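Both of the next two complexes hold subunit A, though its partner changes from subunit B to subunit C.
What follows is the complex of A and B.
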């Protein structure tokens, strides 16, 4: 199926083959960015950010500009315009008159789906509440693929807040579509993976284990996906203080890991990866951010039907 | 139909009115006398000696529909509301299926009657199972939407999930209305833990079962700024926590039921399972703390927690009988008699607690002003009457107030300009 004109609202909107197509194009862009510097000339990307997310917005805007396209949009929530669902419909209808593709971020779940119903141009969901963030999943997958070659026989550790981390849930669900991925879920009791994700792993027949200790899990991992354990998630501050160091990756813990480990993080990082890890070749998270731009370049091209 | 009400004492705190006035209703709205010129159908009532209040608003009812309609359905519940002087009520989501998605919100809404308006409350978690958050955006999108979120008696116990729910609720400008019960420490409690539970050999429910969760919810209000509303407060410790949180400027509020205002655990000795509800009736100390909190504004709402059950269900041994009592058809009279007649608070303050404040929370305007939608009730506060539960239009007759001599009988209720209840003795 062609990707031209489609929306990307949820991480699994595209088939494995369609995602492979995007990754393949992203790899070509990485190899030869110059070849793509003008392909979107005359095209306009609209960034509709109802809540600020500078990192995500920059990544989309940089992607479009590097393809030779132009960018319009807003990045500050105008509370009067945000209030009702109807205004999303009207905003997207209007924007569709001017732009060729729209990227939307909104604090309420399901907003991107509403927008897509009223839009003649492709809508990309750049995060809606605690719900979905599909281009982060694309970024994560591309990064693993680039560095590991394939997903098969990979042991992926996911560490930290597995209960609410939407990027973690989406990544697991996306990886379940590939054979031979083993999951190690590392989190405090209070922030374990939700039951429905666990059920999904069982249904897919995936090999997974849930453990409490990062250090114990490290030696077996090929990929480590880190997220932050937030203080506010705990009713008792004492529990947080007792636990927090367990889920911080530092040089000492990293000495137990494989030489080939890759460390991912959706960023922004606070203190869950100590800065002494940054210079380690296994620290992949800044390369991952760069891949985020490339995969968005590939996505924009595919949705616009260029190539 | 157009309506003229003569000689009633209008209590309308929003307009600062407490005086004898005539009221005119034309085509659903409060009007002037001149507007009624030429009306064909005109109802006339003499409300001499009676009071007229804005329509009452109940933040907490269980209409059991869909799924448990042997206890109540939306039509009988709505008629009971009208008979109590109510014009808006908030049905809770613990039906079968649970109101946790767009379709079920719309199903409930589709059953709304002319008798009372429904401000639907949606579930916090899917199926009220405490595992996964419900579809808030879907419920908001439903026709008519929802006004608040609650997991009812299940209480969403998981702290971090509750925190996440409150963040999302705040995004949607929804408040959370929380049944404060620590399910980790309440193991099979039947009534208040105290003298009566010891006398009857029943498992008790400690005050801390409630106040633990109030404390948690205060913390959540502080963390996220989400408006946390505590349902049917019963324990003096909870009152104190809320008073302090409000002093600290946190978005926290509380409601109390007529039965926690009027009764103590002693009522269980007389009324058995018809005095069994959750939270349970507490001690006189707790009751006095609640009255004090009503006086100083710590508690801003009176809500019934109208919880109908069939007579068979309530006829079981008290350990087995379900929690809950009906309240819609007795609330005003019980509160008037207990709070106003005794001099604890004024009539205007009672109207604030039962109409003005809950209406504000739901963003509706109940003031008796020309041009406003005509929602009001008339009560007889001069003559005593005896509560007879067999006269209830609710399917539930489960009340500890049966046989009580009381003041404040509902004489007439008007919702959107339509007469939704009229006492038999009230002559036109």
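What follows is the complex of A and C.
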């Protein structure tokens, strides 16, 4: 099926083959970005950011501008009609009159689904609360593909806030479609994956374990996906203080890991990966961020039906 | 207390005590035009107390919703004061505006959109269309 005109609300909206098409185009863009510098000329991307996120917004805006397209949008709802209480339905209907594609970040879970129901133009979910973040998943998968060649028979550790970590939920959903992926879910008791994610893993017959200790998990991992553990997610300060260091990756812990380990992080990072890890060849997160822009370029082109 | 039998219509029996009002609410029956009896806390041979609803001359009711609210209830179709059919309740695949998503981060908590759930498994768990939160809505 053609990707033109479709929405991307969660990873499973696209088949494995459709994702491969996007990755294949992203790789061509990486090799020859100049060939794509004007393919979106005359096209307009709207960025609807109901909560601040410089990083994801920049990634989308840079992607569209590098394709020769243009960008409109808001980066905090206070300054727009949204602040006056406009519904998501009305906002997207209006935006669809001006723009060719819309990207939405919203603090509430399922917000992009509502937008898609009222939109004539493709809607891309750029993060909805603690729910899903499919373009981060495209970024993660492209990075694994480029550096490891394949997803199959990989042991993937996911560490940190797995309860509210939307990048984690989307990545698990996407990886469940590949053979032989083993999941090691590393988090404090309070921040384990939501029940629906656990049920999806069970239904897919996935091999997964939920553990508390990063250090113990490290030796077996091929990929380590780190996320931020936020202070405000804990019920009390004492628990936060007690647990926070357990989920920090530093050089000492890394000495227990495989030489071939690949460390990913959706960024921004606070302190969960200590900066002494950055120079380690296994640190992949900055290359990952760059891939994010290229994969978004490919996504925009596919959804607009260009090429 | 004696409540007359009905000549033609529907009797919903064995509703869990206290849930009759809720069931009635979701059946979307025009109670201004039809004769409806709601019997609360009737003595049940099986369960102690139960609620019963009798709907005179009504033949189209959304049983699906009933399956979610109380799937132990029984539905009897009555003609000439006799039961002519016993309806087996099933859990509907999709339910709309029967339950509200309990996830405080769900977008339905702030937007005026229908509350839609999809059947997740046969134990009567439903999944919110928007946030994926799994809820045990069946009583």
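Here is the rule we use: the second predicted complex is superposed on the first by the 299 of 307 C-alpha atoms of A that agree within 3 Å, B and C clash if a C-alpha of one lies under 4 Å from a C-alpha of the other, contacts with A are read in each partner's own complex, and residues count from 1 in each chain.
Note that a contact is a pair of C-beta atoms (placed from the backbone, for glycine too) under 8 Å apart; a residue touches a chain by one contact, two chains touch by 3 or more.
Please read all numbers here as calculations on a predicted model, not as lab measurements.
Once the complexes are laid over each other on subunit A, subunit B and subunit C cannot both fit and instead clash. Legend: residue contacts after superposition of the two complexes on their common chain; A:276 is shown touching neither subunit B nor subunit C.
Looking at the shared chain after the overlay, A:199 reaches subunit C, while subunit B stays out of its contact range. Of the two partner chains placed by superposition, A:245 touches none, neither subunit B nor subunit C. By the touch criterion stated above, A:232 is placed in contact with subunit B alone, subunit C being left untouched. In the superposition on chain A, A:209 contacts neither subunit B nor subunit C. When both complexes are overlaid on chain A, the residue A:110 reaches subunit B and subunit C alike. In the overlay built on the shared chain, the residue A:190 is in contact with subunit B alone; subunit C does not reach it. By the touch criterion defined above, A:38 lies against neither subunit B nor subunit C after alignment on the C-alpha atoms of chain A. Using the contact criterion defined above for the overlaid structures, shared-chain residue A:87 touches subunit C, although it does not reach subunit B. Once the complexes are superposed on chain A, the part of subunit B occupying the same space as subunit C corresponds, among 37-45, 127-135, 235-243 or 289-297, to 127-135. Subunit A residues in contact with subunit B (one complex) as well as with subunit C (other complex) are 107-111, 114, 129-130, 194-196. Contact residues on subunit C toward subunit A in their complex (touch as defined above): 103, 105-113, 120, 127-134. Within the complex, the subunit B residues that touch subunit A are 131-133, 135-138, 140-141, 159-161, 163-164, 167-168, 171-172, 216, 219, 223. Across the complex, subunit C is touched by residues 87-89, 106-111, 113-114, 128-131, 194-196, 199 of subunit A.
The residues of subunit A lying in touch with subunit B in their complex are 85, 107-111, 114, 129-130, 163-164, 190-191, 194-196, 232-235.
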